[in-house]
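The structure appears right after this line, and notes come after that.
Order of writing sets the chain letters: A, B and C. Residues in each chain are counted from 1.
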Amino acid sequence: MIELGYLKEDWAAEGTRKVRPRFPAALVLGTVGVIVLSLLFMIGAHFLSYAPNDQDMDNRLQAPGPLHWLGTDNYGRDLFSRLLHGGRIDFQIAIIATFFTFTIGMTLGALAGFYEGLLDTLLMRVVDVLIAFPDLILVIVIVGLLGQDLLGLYIALGLVGWVPYARLVRAEILTAKHRDYILAARALGCNNSRLLWHHLLPHSISQAIIYATSSVIFNILAISSLGYLGVGIRPPQAEWGAMIAEGRSFILSAPALVLFPVLMLTVTGVTFSVLGDGLAELLQPIRKRLSH
Amino acid sequence: MQPLLFRLQYVMMVWMILITSCIPASSVVSSTSAANPKSGRRLVMTLDLKPISTLDPVVPSDNSAIWTILNLYDQLFRVAKDAQSVEPDAVERYEVSDDSLTYSFVLRDGLTFSDGTPVTMDDVIFSLQRMLSSEHWGWLFPEDAVVQAVDADSFRIRLSQPNASLINNLAGFWSSIIPRESFETIGVNFWEKPIGSGPFRVKEWVRGDHITLERNPYYWGEPAYLDEVELHLVTDDNIRMLKFQAGELDVATNVPFNQVAAIDALDSASVQIAPLLSVDFIAMNASRPPLDDVNVRMALNYATDKQAIIDAVLFGFGEQATMNWPKMMFWDEQSPGYPYNLDLAREYLRKSSVTNGFEITYAYRGDSIPDAQIGVLLQEQWSQIGIDVQLEPMEATILRERLFSNDFDLVKAFNSSDVIDPSQPTASFLCRMTQPVMGVCHEGIEQLYAGSETMLAREEREAAFHEMMRMAQEWAIYIPVYYAPARTAISDRVHGFQVLPTGNFRLWEVWVEN
Amino acid sequence: MNSYLLQRLLQFIAVLLGITIFTFCLIRLIPGDPCRMTHGQFVPAEAIERCRMKYGLDKPILQQFFISFGGLFSSSSIAGQSIVYQRPAMSVFAERLPATLLLAGYSCILAVLIALVIGLSTAVRPGSLFDRSMSGATAAALTLPSFVIGLLLIIVFSLKLHLFPTSGYGKSFWDHLRHLFLPALTLAISNGAMLARVLRRSLLNVMDSPYILTAHAKGVPKRQVFVHHVFRNSLISPVTLLGLQIAWLCSGTVVVETVFALPGLGSLMVQSVLDRDYPVIQITVICFAVIVGSTSLLIDLIYPWIDPRVRHD
């Protein structure tokens, strides 16, 4: 099978200078970042002097200092310890929830966009029914039914989270399948399945990947919003979203309680974003134009 | 010459007497400050944390509606500012027959609705009958109570049995007087802009955002000082406090405990800490092992360090609760409560059927930060006697559902009273509540309560309540935690604003300077 | 095209029916009912029972469905009345609608502006320092919780600079626009950042296409290439995302509404679910379905205009 497509061939080398390294810098940076954070949360948590749930009422709401590097919260619990332990849970949530919603959404969206017809109609109407529900409502209902532990939250987030991926991938495939290289591949005898998964999909998921890297954070923030409404993770579990929700009432008097988890979220989020940008570049490299 | 002078002095004396007797009482006496109350101006403040459900006085149970209703309508009686007695409001005076079965009320003169029409006896009877047949609040009154008009100024309530709490219970927002004719003509839209005879009337209502009240020019009593009051809904604690500090609000309700000190320290404002008729407590499911053993329940009570909870959750602004009654009429100061004592707790555990520690679930409203904090603190405190507390946050509706279907170990709960009579919170010890909730009943309290309802003599009733409280103390089905006060941020320009123990405030006594 | 429209309309009605049934089942599955919560804690059981009978909550489930379905059409009946507010559910919904629509529209415009500015400026210099830092900035903007953004905007623009009101909805139309700017901006920052990233990626993908290079080779002016070919053809994904965001803006803004004290549909939705106010939930979800379905239809109709190869037949 002759490989067509932009991954391997350079069809117009004249006049442009390609910048397409084997592995884009963003990908390297992102991967390194994710690995560092994972190590920090998985292993670093063991080297702490304070357990995340140990209360110390005499030392509540302390500012950062030598004893407590990031200070303490309103129960006297060490913030640094809670951040690291929370990171473990949140990484888990981020990766698992995002991975499942991405895969399900991508598959359904690709099938709908490629085959169109009844499958597409059915899927899009199901999507319409699901979107008609505010995500938060659906999550509240599911959590109300399943209880407020991690499994219930995963299922709830999963049930509502696949829709954007399906929509984005479907949209890209709808246009991409009319491109010349696809017509050429068809003429050469490629069957539908190979056409879809081998040729179309890699070029159509860059948007979904971009979205996925941001939705990693959305899932964590969703848990924080749920916490504010009273249906989040059970205390005293250290988790960034829960820490933000709990710390919200202290934002004016002791902003560190919210600021540090938010900072962690930002660092994690940007790391995943960079990773996503790198992945997208790997799949569809950009070219630096000479005269632009 | 002399007779003329004498006459002049006489005339002047008469003139002086006439003038001083015409000065309205308000400009002579001001209970809260030395400055004179000034009429006019607008007050901007916040309501409670949920939007007003409805202004129909016989329906709501949310504070936003209740506080507004109390300023819009006249009730038969109203709660005195110290919540130790009731004052006549629309009723001028009343008497009780010798057999205590007939109450005769005389309506005040000059009661006028905000559209200028006078309040008639027909309106009063209509409103009271709506109240008695209301599914929300009618249960406070004997089922067979009969309301009858006697003449244009007086009416009667006839009972089949003496009822000690009748007058107290008539001092609630549900006894508001509404105009029958207007209500029946306009129909259900009447509540968009209801007509009442109280000190204020509705000027504008943007639901979910704010309601503006203006002075009712036809009010029978002292006209309100304020021209207008704007009551806003600002749910977010931080925004509400920021708005207050920025001067956008004159009064801000529900100051978060952790910000009380900071706001009180501001130059131009202070935080009013007002006692409330409420108690925060934990309900124990006394039909579920190991909580069915009274020794275990006692142990949990004594193992709770309430002062530590008050310091952590309320930042010191609260009082330890000795029993599951708010500090109101007939509250027993001598009641020992369950002072924190770990050794005593361990002793009770030893006496009990429990050998090692056990696991127990503490269910609470997930959106209530204090409730969550209490749970986290209890985890720590009770771990010292070997009890492992699991926290279970849930939606308020689901929580209440679980409570009333006996499906819980521990539930964080809250008792408050809209009236000064302790009969409302006492219900939490009566069979009709404890049976569905916990599957237990206390015969002694049941009988004593039934009897107390007919005791019209104060000392007798007080003794009965004290005995009930003693029985409840031994029964120990609840863990009383604290009495939390109302915290209201008030700008120094505002005078006369006072939160009553029933939680409401009398806007007609408030004035703003400058 | 007409048969396509007809098909979609029929499907739309089917979807609405599906949603009605789905909502009904879902909401009644969770424990709790409205009668318990609209009465005080000490109300005797008989009163709650009477409430349940009044609203038909003791009837068999199928009968309840038909009653609630009927309630959708006649707002004066018991089944069409909000249990919490004691008024027709339709009017409870209708008075919250303007604030949400205004906020959604406002926020959409701001988000699109942000996306265009950032997306276009980074796509024309890919790989540059500007591009990389904007990537980081948009990624960071997406990680901030909306109440943090909202609070920061209030503190800076409202309390310190006195440019906008702190919270609330305002009284007249222009007042609304002033009050809604900060909340609209709060939402637009996250939505716009996401849109910008998707737009940038789209533009870069399209710029690589053979027909673009052909156009350049043919001597078509750069600007014309960009506007007529590159930009237009890269709109598929951003427009798709915008459609999704519009749906979110109508229903998922409860946190922003709470922070800025806006009487919107997001908080009405959440509160009615928590209160189990069945008629209001039913009406709100149906109306959302109408809004979302129309947006979805509109977007699908726009696709062929953007990319003529996508045809509906």
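We adopt the following convention: a contact is a pair of C-beta atoms (placed from the backbone, for glycine too) under 8 Å apart; a residue touches a chain by one contact, two chains touch by 3 or more.
Since this is a predicted model, take the numbers as computed values, not measurements.
With centres taken as mean CA coordinates, the chain nearest to the overall protein centre is C. The interface with the greater count of contacting C-beta pairs, when B-C is set against A-B, is B-C.
Farthest chain from chain C, judged by C-alpha centroids: B. For the pair chain A and chain C, the distance between C-alpha centroids works out to 21 Å. A straight line joining the Cα centres of chain B and chain C is 40 Å long. Inter-chain centre distance (chain A to chain B, centres taken as mean C-alpha positions): 48 Å.
Residue positions of chain B touching 2 or more other chains: 238, 242, 395-396, 398. Looking at chain C, one finds that residues 30-31, 147, 151, 274 touch two or more other chains. Among all residues of chain A, those that touch two or more other chains are 140, 144, 228-229, 248, 251. Here chain C touches chain A in the complex through residues 11, 14-15, 18-19, 22-23, 26-27, 29-31, 124-127, 135-136, 138-140, 142-145, 147-148, 151, 194, 197-198, 201-202, 204-205, 207-208, 210, 213, 222, 236-237, 240-241, 243-244, 247-248, 251-252, 254-255, 266, 269-270, 273-274, 285, 288-289, 292-293, 296, 303, 307, 309-310, going by the rule given at the top.
Remark: chain A residues 55, 57, 60, 74-75, 140, 144, 148, 227-232, 234-236, 246, 248-254 touch chain B in the complex.
Those residues of chain C lying in contact with chain B across their complex are 30-33, 36-47, 50-51, 54, 84-87, 92, 95-96, 147, 151, 154-155, 158-159, 165-169, 258-264, 267-268, 271, 274-276.
Residues 237-238, 241-242, 256, 258-259, 262, 308, 311-312, 365-369, 372-373, 375-377, 379-380, 390-396, 398 of chain B are the ones touching chain A in the complex. Across the complex, chain C is touched by residues 50-51, 53-54, 56, 59, 61, 135-139, 188, 191, 206-210, 232-236, 238-239, 242-243, 246, 248, 395-398, 400-402, 404, 413-415, 424-425, 427-428, 432-433, 436 of chain B.
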